[in-house]
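The two complexes that follow have chain A in common; it is paired with chain B in the first and with chain C in the second.
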Partner chain A sequence: MDSANGSEEDALWGNDDDGGQWSHQDLPNDVEVLKRIWRNEKSAPEILGYETLLVERVREQIALMEENLAAYAESLDDVMLSLFEMDVNRLMFLLRAYLRVRLSKIEKFALHIMRTAELWDRLSAQEQEYAQKFVDVLSKHMHDSVLGKLEKAYDSMVKQAASSEENDMIVEPQLDTYVFCRSKTAVGSFQLDDKGDETVDLMPNDLYILRYRPVRGLLGTDSIELV
Partner chain B sequence: MEKMQGENEDGQISSADENYNGALIHHQSILRNKRCLLAYMYHRANRLQRLRWQLGAVLPEDVKELLHPSEKEFVKSYSEALSSYMTKLDIDLAVDITPPKDPYIQVRVLNNIGEVLLGDQSTSLVRNSIHFVKRSEAETLISQGLLEEFTG
Partner chain C sequence: MAGQGPSEPALFTELEVEFMAEDEPVNIIPNVRMDTLHMICGDYGPFRPQIPITVPLWLGIAMKKRSKCRIQPPGWMSVERLTEVLEMEREAPREFQPLPFHYVEIAKLLLDNAREDFENNYMVQSLLEDIKDVRWDKVEKGLKTLSGRTHAVKLKNLSAMEVNRMRTFTVRALQSFFKHDNDDMMKQTPTDSDSQSTPTSSDRLPRVCSQDFFTRSFDFTFYLCM
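Now for the complex of A and B:
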């Protein structure tokens, strides 16, 4: 969101970092943050935490931008108008894409998320409702079409047979897939394996391809980002 | 099944063994059939979900007649769950599947629709006419199949 200097455009953008300073280099712009969060969510095999505050801020910003756009509609010429409109559209796209990626992961791993408290907490309240409804809808469909016609011992959607010891038909995300990640800070020597065999030196701004499982923790502390 | 396995723990061949092997094969084949059936239904359900995202809440007739009744129920309830989630958030998630390059888009009209309210002006959409409209308005009409994107 860098626009030219000019008091009209400044007023239109309603800056999101502190008091009117155009210091884009030091403070991460909300748009940049959203882009990064979206990219992380896209590349990660499991669902990551829901960024409530960020989403709230972005939505406020979009509303503000649209208001300003409507207010300034006459005083700016068509080209500028369409540029600002395009910016609003692209921001909306980012937000929608982020929510869509999360929804698709929820749909894929709904049963697993519901039984793992840590993952369940990563969902927003509306997503939790949606996950519950989705599981209900899917299990009703499966029961009506297939499972209802089978014997009692075999009619569970989560267990192969009543004699299975645990719920073995639940899909789990593959945490051992490889992901591209870029390290943001120098973490130094990082152990990839429990046996201590492989260590990787993580220097800032280096690109790596690693298995997802060991770097999960680093993703949480924001020392790396997925590409 | 478990009882039979328990009885034969000492590994000696006895007359119960003959039944055990037969029962085991029967059990495993039931499991395999169950998994195949569920995989088939699940795969179909996934296709239906994708259709919902592409086409919107109403399915075309020729798809509807290919569905099992419980699939029709599934589509309805899935669509409801999805739209209730979207209204709670107040964002329509089905538009903008690809990043928009332009706020305006050129579209060609496929069927005669007559007068439609586009933006602030109502334009009459005659077949094969080309219009320059805003993306957001074009998207709903495109997903219904009334317009198509005009490229070059």
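Now for the complex of A and C:
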């Protein structure tokens, strides 16, 4: 059996949840990476980029492991078999949790995501299909149940009234929320506002509560992780 | 998913936090001979009777449940070490002692599943409860010092469960502070559309901001982490 360790992310990946002196030599692998990605996705208010390669690798590893287990089930004793199954199940749970938290965000912000190219590109092909269908069903339902029965000026799903200047019925994520995050690298002095009056010194492994909007870039460059 | 209401700040359920803690390492002493387990999450083994080995917590507990090993209590869970930590937690009202990020969950999992592997399990449990209480008391006191000009809060040595427990309230509070602060700014700035670019508006408030940042929020930083 092959435990496919090692990926490009590994190099960037320090220890996960230890606080310095408690550090241990746990091997960075796709499971750890997926766990971090899931945590980031769950903690971030907006939808983050889909981890195509990672999900692909994890899927392959699960499939391979299940194949092997089926093939060697006879020769393994019950204890070992159940331990291997636990390993696979844990990873499957993680993968599902990741995909699910994304789906819940897609449903919540479907209209907003579809109207913002940058966000739309963060979805996988399947997620885009899901979002499209979701919006189709939603608009049909809204039309049939309420909007179709209202006057022309009030029958839009994205505007309160025809006189609204903006699409004020579209739910957008609240980016001025606060997140708990840990810096993975020495980011150093980091500016929290446009004027440069609020700065914070981000040291590796330290935990902070920061406003999401200014630090979202750091999440993209993998300098911080959300907890 | 559970724990994720529509307008709630992201929150992990206790079980999800526990799930994450289950990947933390633990030393076990196997009583059986078993080949190396080549798992997706890593290679563990080979297991030899009486030879200690480090495995993820979930694996250790699974083997323990099947009577294949006993758990070696981690060093920080000894009565001496915990007594020391508790004393220091009490002595230093402005800082948290370093414990594993998942200390609450690790301790719970180990005491639930391998109680007999701890010499003074009753004592250990009671010390842990006290440490948890003292620490939470500090968190609550720290929260009182949150103010409208808090831009960054540093939480040194805070644990996963503590973070998760204070998350909803703290995030809500900071969100409201931020929102009302910005409402104030809007009112005070004549041209609110480009408040960031006009020199008049940037002269107006930031100085107050920065001063407050260094007095109030820095205090809080100091308070919670030293």
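Everything below uses one rule, namely that the second predicted complex is superposed on the first by the 200 of 227 C-alpha atoms of A that agree within 3 Å, B and C clash if a C-alpha of one lies under 4 Å from a C-alpha of the other, contacts with A are read in each partner's own complex, and residues count from 1 in each chain.
Just so it is clear, contacts are C-beta pairs under 8 Å (C-beta built on N, C-alpha and C of every residue); 3 or more make two chains touch, one makes a residue touch a chain.
As the structure is a prediction and not an experimental result, all values here were calculated from the model.
In the superposed pair of complexes, A:150 makes contact with chain B only, with no contact to chain C. When the shared chain is aligned, chain C comes close enough to touch A:177, but chain B does not.
Comparing chain B with chain C, more residues of chain A are touched by C.
Of the two partner chains placed by superposition, chain B and chain C are both touched by A:86.
Shared-chain residue A:120: touches no atom of chain B or chain C. After overlaying the two complexes on the shared chain, residue contacts for A:100 are found with chain B and with chain C alike. Of the two partner chains placed by the overlay, neither chain B nor chain C lies in contact with A:72.
By the document's definition of touching, of the two partners only chain B reaches A:138; chain C does not. The interface of chain A with chain B overlaps its interface with chain C at residues 82, 86, 90, 93, 97, 100.
Of all residues in chain A, those touching chain C in their complex are 1-5, 16-22, 24-27, 29-32, 35, 39, 42-45, 61-62, 65, 79-80, 82-84, 86-88, 90-91, 93, 97, 100-101, 104, 108, 174, 176-180, 192-195, 197-198, 200, 206-211, 227. For chain C in complex with chain A, the touching residues are 1, 4, 6, 9-10, 12, 16, 19-25, 34-35, 37-43, 54, 56, 58-59, 62-63, 66, 68, 76, 98-102, 151-158, 160, 163, 167, 170-171, 174-175, 178-179, 182, 196, 202, 206-207, 209-210, 213. Against chain A, in their complex, chain B makes its touches with residues 1-2, 27, 30-31, 34-35, 37-38, 41-42, 45, 49, 68, 70-71, 73-74, 77-78, 81-82, 84-85, 88-89, 91-93, 95-96, 99-100, 102-104, 135-136. On chain A, the positions that touch chain B within their shared complex are 82, 85-86, 89-90, 92-93, 95-97, 99-100, 103, 107, 126-127, 129-130, 133-134, 137-138, 140-142, 144-147, 150, 154, 157, 160-161, 163, 169.
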